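Presented sequentially are two complexes of chain A, the first with chain B as partner and the second with chain C.
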Partner chain A sequence: MNQKTFFQAFRRNKLGMAGLVIVLLIIAIGLAAPLLAKYPKGYGRNIEAPPSQANWMGTDNLGLDVMSEIVWGARTSVYVSAMAVLCAAAIGVPLGLVSGYFKGRVGGFIDSVIEIFMTMPMMPLMIVIAAIAGSSVTNVGIVIGILSWPSLARVTRNATLRTSEMPFIEVSRSLGVSKPKILFKHILLNIIGPVMVNLTLVMATAVLSESGLSFLGLGDPNTWSWGLILKKAWDSGALLKTPNPVWWWLWPSVAITLYVVSFNILGNAINDTLNPKTR
Partner chain B sequence: MPDILRFDNFRLDLQDDEGRRYNLLDDISFTLPEGKALGIVGESGCGKSITSLAVMRLLPAAARVTGGSVSLKGMDLMSKTPKEMGDIRGRDVAMVFQDPMTCLNPVLTIGLQIGEAIRRHNPQMAEPELKAATLELLHKVGIPNPEKRMKNYPHQFSGGMRQRTMIAMAIACSPALLIADEATTALDVTIQAQVLDLMVRLKEGGSLMFITHNLGIVAEVCDEVTVMYAGQIVEAGTVEEVFLHPAHPYTKGLLLALPTLRSKGNTLYNIPGVVPTVRNFTPGCRYAPRCDYKLPVCSERKPARCVLNDRHHAACYLYEEVMA
Partner chain C sequence: MGKYLIRRVVRGLLTVFVSITFTFFLLRLIPADPVSMMIDPKMSAETVAKMTAQFGLDKPVLTQYFVYLGQLLQGNFGMSFKNRDLVTTLLLQKLPWTLLLLGLSVSLALLIGIPVGIRAAKKRNGAFDRAVNVVTMVGISIFIPFLSFSLLYLFGYLLRILPTGGAYTPPPAKGFAFTVDVLRHAVLPTFTLFIGNCTSIILYTRNSMIEVQKEDYIRTAYAKGWDERYVTRRHALKNAMIPTITATGIMISHLMGGAIMTESIYSWPGIGRQIFDAVSTLDYPVLQGAFLFLSATTVVINILTDLVLAWIDPRVKLGGARA
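Entry: the complex of A and B
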């Protein structure tokens, strides 16, 4: 399918378009954070104030604007997930291509490595590595990326196995086309659909993982993220208080959910659009 | 006349997952003189395609070459490194495959795919030159409106046009040998005739090797013919000799199975049985179980190649006395 027909078909998928719009919106907010809100630091005057004209999403226990925190949190989320996707793609896609194309010993070896990594429990490992590597946003992104490549590699491998058997690959070989070109041009362009879908899933899980790490105190304490807002709310006992400052923990939760759900919907929509049966 | 392609006692086994080996190609020897067209005929499963893949050194992973040699333009292909083979493919030998529907990459434009075939052996070619060469090739193979068509994707092409594109890619670097592996089988007869005509016209002094089970095509375009059965060459010679005086019972059977203008109303001959799979090849002459003229010796020893005359030979005990 070429690009034009892909977008035409994608536009008909209402849910997918909604997912795309939300994803783009969050990315835009993250990129434009310095223009949208002042970086929340220090102390504010109104503590745990409910939503008002001045603070649309209320304030936290230090009197800082929750909406500014969410906006800057979006920046962190986008940064971390982009970082994670880059790492996962840089490791997972080439390994998947190579193991799928060279079926013999090389492919089998890489496949076993993928399997070993897939059996590893992700969260505990992430906690250990994040604790050792130190808690900067970049480190967290890289750690998540390094731990989410196996599923990407597996998807790439399976798609490559199928595509490398296609006659047009043999035609390329019969014309003397080099192996790297066959792999990264002829095969990769053919399997870009499932790979893209998996990348959107990595984007979504990256934010979940980052929030989890931040909530456990293993994130970067100096950079606002949605997980960090939740951690601060939890640490101050805001979740059990009556009257409850709902706005403090509700909005970051909504933001995380929205981000993850939108990326999942987007991935599904891309998949459906690429599959002629569900287009 | 020098030989462009030469098979000398080429033997090839297939190895299964348990490591058992089965002989597939048994002492394949033939030559293809420069500028000539050679047809290789036989039923499906006779080892025709694997013979052509051996020339490209694109054999399946299970194949093991166990003896003999294949030489192209005097180069021993089996001793080439993979890198050297990459340089040979497309430049010295190219192949047109059977199924035009799956032989083009669906996500790349026609122009890009032809361009890649040209660029592979002309890396220094500048972009405008490459485009001009691509357009010229499309024009050569008779694709109308090439300027617009090169931006199309394969799914926008008909089967015949795709096969023309395949031919354009194959002749992009003017290979000395063009192999057509059932290249017209998937096309309807009118398009088949056009594509055949195109290949013969475009070989430009190069040589052609036609892998087919269509005897009509061989009679039409080939100078020489080699008949294969179950991995053995049963008969070979010039097209005229083999078709007018078929010697081997298998060749006779193939020719009898063809409808002719006079056979109207009569049931056509058919060779009893099917081609055995590689696991079930019999010792001696592999055609013996299906042969109407079978002698006791047939299943014991493989018949030698009997020279019938200087343009015709067959491997069959019926002609042993001719030799003696």
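Entry: the complex of A and C
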């Protein structure tokens, strides 16, 4: 399927378009955060104030505007998930390509490495590595990326296995095209669909992991993120307190869910467009 | 069969060994000093040195590693830095609580997920399937703290009908009252884990059921005049269950140590929370023990999964060859 027909078909998928719009919106909010809101720091006057004209999503226990925190949190989420996807792709795609193309020993070895990594308990490992790497936002992104490459490698490998049997690859091989060129040009361009689908899913899970690490206190304590807002709300007992500052923990949760759902919907929509028969 | 098992066990031991080594050196990379976490500022330099020596932390890392391996061979998993408990005792105390959550949430997930997945696959893109699609989409996207917060807010704060944390009300009651108390405490964490587990069971069952229904032998069965129920039960289900069983195996090994967030939020005294506490206090022996335990259970569960698959699917010859 070429690009033009892909976009024509994709545009007919209303849910997928909605997912795309929300994803783009959140990315735009993240990039434009300095223009949209002042970086929340210090203390405000109204503590745990409910949503009002001045603070649309209320304030936290320091009187800071929850909406500004969420806007700046979007910046962190976008940055961390992009970082994670880049790392995962840098490791997973080449390994998948190589193991799918060279089927013998090399492929088998890489495949068993993928297998081992896929059965590893991710969250405990992520926590330990996050503790080693230290809690800067960039490190968190890299840690998540390093631990999310196996599924990407698996998808790349399976797609490569199928593609490398195709006649045009056979032809390039007999024409003497170099192996790197066959791998990274001919094969990669042909399997970009399934790889893209998996990348959007990695984006989604990366935000879940990042929020989880921040929530557990292993994120960057000096950079606002959705998980950090939730951690602060949780630590101050906001959940079981009367009167309950619902806005404080509800809005960041909604932000996380919206981001993850949109990326998952987007991934599904790309998949449906590429393979209309499977769903 | 016997030969196959021996080979699997040997490979499993190798995996555990690699994981022990990996964890040991990984933990030594943490740029902080575990001794500084154990000591009191009031302690004299002498006491600190004595303590460092007591835990063997004054020796070179490689020596520490071999000492550790030697201890393991004698069945000694080490002593916690934090409260001087034996790691084995500590983990064995936490294990039943993790197993309780795991058992409840996984069996519920299987009980509900498999029938739902089958029904969704029956009429693909029908009304039921589309509803399931929406539910699973939310299920894979859910953030555990969000789900827990909503449940806590609703049942613990607004309705006040369920406890909000811990595994029982201290002091522990006796007999039946204790069981009821524990179960009441387990409701929310179980449900929290159930959502994610059930979602993946539904997805695996649905997708493999759809694949199986395309097979020739299913059409043959219909052609023989058997009705849908019979074909589903007797022919399709067994094959369709294979990915679900594999997924359940992986799910169980992850849950052994993966319920960190759930256990932390509900103050549930399980392995996950123990791992998290050990990371925050740099309690190397506990972490090493926990990771050793996790890799060992993963290996055992993988072997069990293969045995179950071989039992269900006669084509699977243990040892990898397919007839």
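The rule is short, and it goes like this: the second predicted complex is superposed on the first by the 276 of 279 C-alpha atoms of A that agree within 3 Å, B and C clash if a C-alpha of one lies under 4 Å from a C-alpha of the other, contacts with A are read in each partner's own complex, and residues count from 1 in each chain.
Just so it is clear, a residue touches a chain if its C-beta (ideal position, glycine included) is under 8 Å from a C-beta of that chain, and two chains touch if they have at least 3 such contacts.
As the structure is a prediction and not an experimental result, all values here were calculated from the model.
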Chain A as common anchor, with chain B and chain C clashing or fitting: fit
Partner chain(s) touched by A:Gly104 [first = chain B, second = chain C, both, neither]: first
First (chain B), second (chain C), both or neither touched by A:Leu35: neither
Chain B versus chain C as contact partner of A:Leu175, first or second or both or neither: first
Chain B versus chain C, judged by how many residues of chain A each one touches: C
First, second, both or neither for A:Val260, with chain B first and chain C second: second
A:Ala204 touches, of chain B and chain C: first, second, both or neither? second
After superposition on chain A, the shortest CA separation from chain B to chain C (Å): 12
Chain C residues within the chain A interface of the complex: 15, 23, 26-27, 29-31, 124-125, 137-138, 140-146, 149-150, 152-153, 156-157, 164, 250, 253-254, 256-258, 260-261, 264-265, 272, 275-276, 279-280, 287, 290-291, 294, 298, 302
Chain A-facing residues of chain B, complex: 56, 58, 61, 86-91, 94-95, 97-99, 102-108, 116-117, 120-121, 153, 166, 169-170, 172
Touch list for chain A against partner chain B, complex: 1-2, 103-104, 166-168, 170-178, 181, 185-186, 189-190, 192
Touch list for chain A against partner chain C, complex: 116, 118-124, 127-129, 131-132, 134, 204, 208, 211-212, 215-218, 227, 230, 234, 239-240, 244, 246, 249, 253, 256-257, 260-261, 264-265, 268, 279
